[in-house]
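Each structure below is given as structure tokens.
In what comes next, chain A is part of two complexes: it sits with chain B in the first one and with chain C in the second one.
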Partner chain A sequence: MKWLVRMVCVLLLGVGFASAQEFPWKVNLDKFAAESSETVDVTLDSNMLNLAKNFLSDKDADQRQARDIVSQLKGIYVRSYEFDKTGVYTEADLESMRAQLKSPEWNRIVGVKSKRDGETDYVYIRQTGGKMTGLAVIAAEPRELTLVYIDGPIDLQKISVLGGQFGVPRIDTGHAKVEDSHKGKGEAE
Partner chain B sequence: MKDFEDQLREVLRPPDVPAGFANRVMAKLPEAYPMAAPRPMLRRVALWAAAAVICAGSIAAWQVERARDERVRGEKAREQVMLALRITGSKLNQAQSRVRQVSADGESTGEQQ
Partner chain C sequence: MKRQLLSLSLVAVLVFAIAMPVYAGDDFNSAVDRISERVGKRPMHIPFLGLVLFFTPARGAHIKLATFEDVHASFTLAELESSMGGALSPEWHPFVKVDSRRDHECTIIYARASGSDMRLMVITAERGEVTVVQLDVPKKLQGSWMDDTKHRAKNSRHGEMDGDGDGA
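Take a look at the complex of A and B:
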């Protein structure tokens, strides 16, 4: 009987570990999905990315660029929710998500919080051995919440090249942090 | 009259069948009407050929179906990649522009970041 209990524990731990590898946030996103009027749920593990690569055309510039970006990635996970009303997520929810992106593994390179507009943007990168191995984005507006996690070696310069195509900004890797929490204008870090 | 009848009966009487006639006739029958000889080799080959055709057809159909599923999955994955990258790009762009806006606001109000 003990072996059975041990086996179940090992399996549960394994499942927990596997899910932790997928998404860095251990939060209940179902409540946001239930309240949202529009939901985007993209889960692409390495197998799906490999499959997608074969279908990204060389003839299309966007797709060619996308293939270049995803060729080294292990996973892309996006959750985006649009709400009909405000107040679906709380500051505590955002704080909980931020808290789970812990240093030294994760470093925040951008943090903007606008009290005036009620908008919050956080961009984190994960670095391992001096290489960027992950990107996490928390973008919150009063009626919208978006979480992005990209697992794998990401070259920000490559992504910045896409600025004109995907609207990806050119991001300086010098981790310029700006904080502005004053006078309700916004907070940036 | 009776004689005539007797003569007629005598003429029409079936002849006596010689002994062993039936056996001889039966023995000759296969030669006269040869039955379709069973050709086990041909039948076996035909059966195997039919089975092979059915198997090949099934495999081909399965392959076609699999390729179709793979294509559908691949196209869906491609769309998801493009959507995910577009969302990521737009959110990064948004964050960047807000940083710039905050920086510009700070500069215009004489505040240093």
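Take a look at the complex of A and C:
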């Protein structure tokens, strides 16, 4: 859950605030909310993103780049559900969400399944005209389900400037790593 | 006499012009009134709160606080949200909603622009208590927040933070 708090902080401070818009999935999220013991709902529309840009200074080069990233985003949406029991969501629910992120528009870049922890993580990117225009994350644990959707152009090279700011550790997002995840090495599917 | 009357009128017009937008835009009071109606009591009076806040770094944030204690009514997230529906102007965006059934607590964070600054309103309802906080986040304060987190990020990279990385 701590990573979620950090992510929310990043979204608020670094990437910004978005219009009540939908996830790329047509899923009845209310059923998860109804069964959850804790629900977190972050909706950052374009108005909020504009507002959050004010946090970022034009004078600092890194912040200026972060501001450029925020300026182009249309929205950021996070839904996280914690459950007191397992089995609230099923493999069929996850499969349904994954099936809706279809190629050629959507491509999975990360797929991790941990049998030990019962954790499943998927990261998808949407490409339009050769550019990355969206990112979706499905992170599922036995008692937790988190969905993240970032709508708008995202440059993985540029987004690395957020590292070292806003409490975000520096992250190496070199091309090699992205290519590796395409191949699905290591634990990835 | 004529000049005095003119000056007085001018002052009155200025005061009116300044006071009107403040009153018209005071969604904090609307939110507090709406909760008062729902819980059937007025917020607790906190003596010298303004004075105390003046001597803290938060004085630039223009904090307004209302706390309702010993509340018998309870709120679900949906009830809290619908209560605020007519109370707050459309400029307010509820961008974070947290509902903890485990702890019987729900929180909504609203934000809106206030000139070039940001104004936040945080409404939290838990068992027996409801709190409404409004604060402005001026550029200067935003800057200090940014500097602070930047500093924390550097510390994090050097492994100087605590185990969970949330910092002190």
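Definition applied: the second predicted complex is superposed on the first by the 125 of 189 C-alpha atoms of A that agree within 3 Å, B and C clash if a C-alpha of one lies under 4 Å from a C-alpha of the other, contacts with A are read in each partner's own complex, and residues count from 1 in each chain.
Everything below uses one rule, namely that a residue touches a chain if its C-beta (ideal position, glycine included) is under 8 Å from a C-beta of that chain, and two chains touch if they have at least 3 such contacts.
Remember, it's a predicted structure, so these values are computed and weren't measured experimentally.
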Inset, instruction - Could you look at A:27 and tell me whether it touches chain B, chain C, both or neither (first, second, both, neither)? - result: neither
Inset, instruction - Counting touched residues of chain A, say whether chain B or chain C comes out ahead. - result: B
Inset, instruction - Tell me which partner A:84 touches in the superposition: chain B (first), chain C (second), both or neither. - result: second
Inset, instruction - Figure out whether A:94 sits in contact with chain B (first) or chain C (second), or with both, or with neither. - result: neither
Inset, instruction - Classify the contacts of A:148 with the two partner chains as first (chain B alone), second (chain C alone), both, or neither. - result: first
Inset, instruction - State whether A:48 touches chain B only (first), chain C only (second), both chains, or neither. - result: both
Inset, instruction - Kindly classify A:39 by the partners it touches after superposition: chain B alone (first), chain C alone (second), both, or neither? - result: second
Inset, instruction - Mind working out whether A:110 is in touch with chain B, chain C, both or neither, as first, second, both or neither? - result: first
Legend entry - Residues of chain A that lie at the interface with chain B and also at the interface with chain C: 40, 42, 44, 48, 51-52, 54-56, 63, 163, 165-170
Legend entry - Interface residues, chain C side, partner chain A - complex: 77, 93-102, 111-113, 116-118, 139, 142-143, 145-146, 149-150, 152-154, 156-157, 164-167
Inset, instruction - Can you check the complex and tell me which residues of chain B touch chain A? - result: 70-71, 73-75, 77-78, 80-99, 101-103, 105-106, 111, 113
Legend entry - Residues of chain A defined as touching chain C within the complex: 2, 5-6, 8-9, 13, 17, 33, 36-45, 47-48, 51-52, 54-57, 63, 84, 163-170
Inset, instruction - Give every residue of chain A touching chain B within the complex, in rising order. - result: 40, 42, 44, 48-49, 51-52, 54-56, 62-63, 66, 69-70, 76, 78, 80, 110, 112, 114, 119, 121-123, 135, 137, 139, 146, 148, 150, 159, 162-163, 165-171, 176, 178-180, 182, 185-188
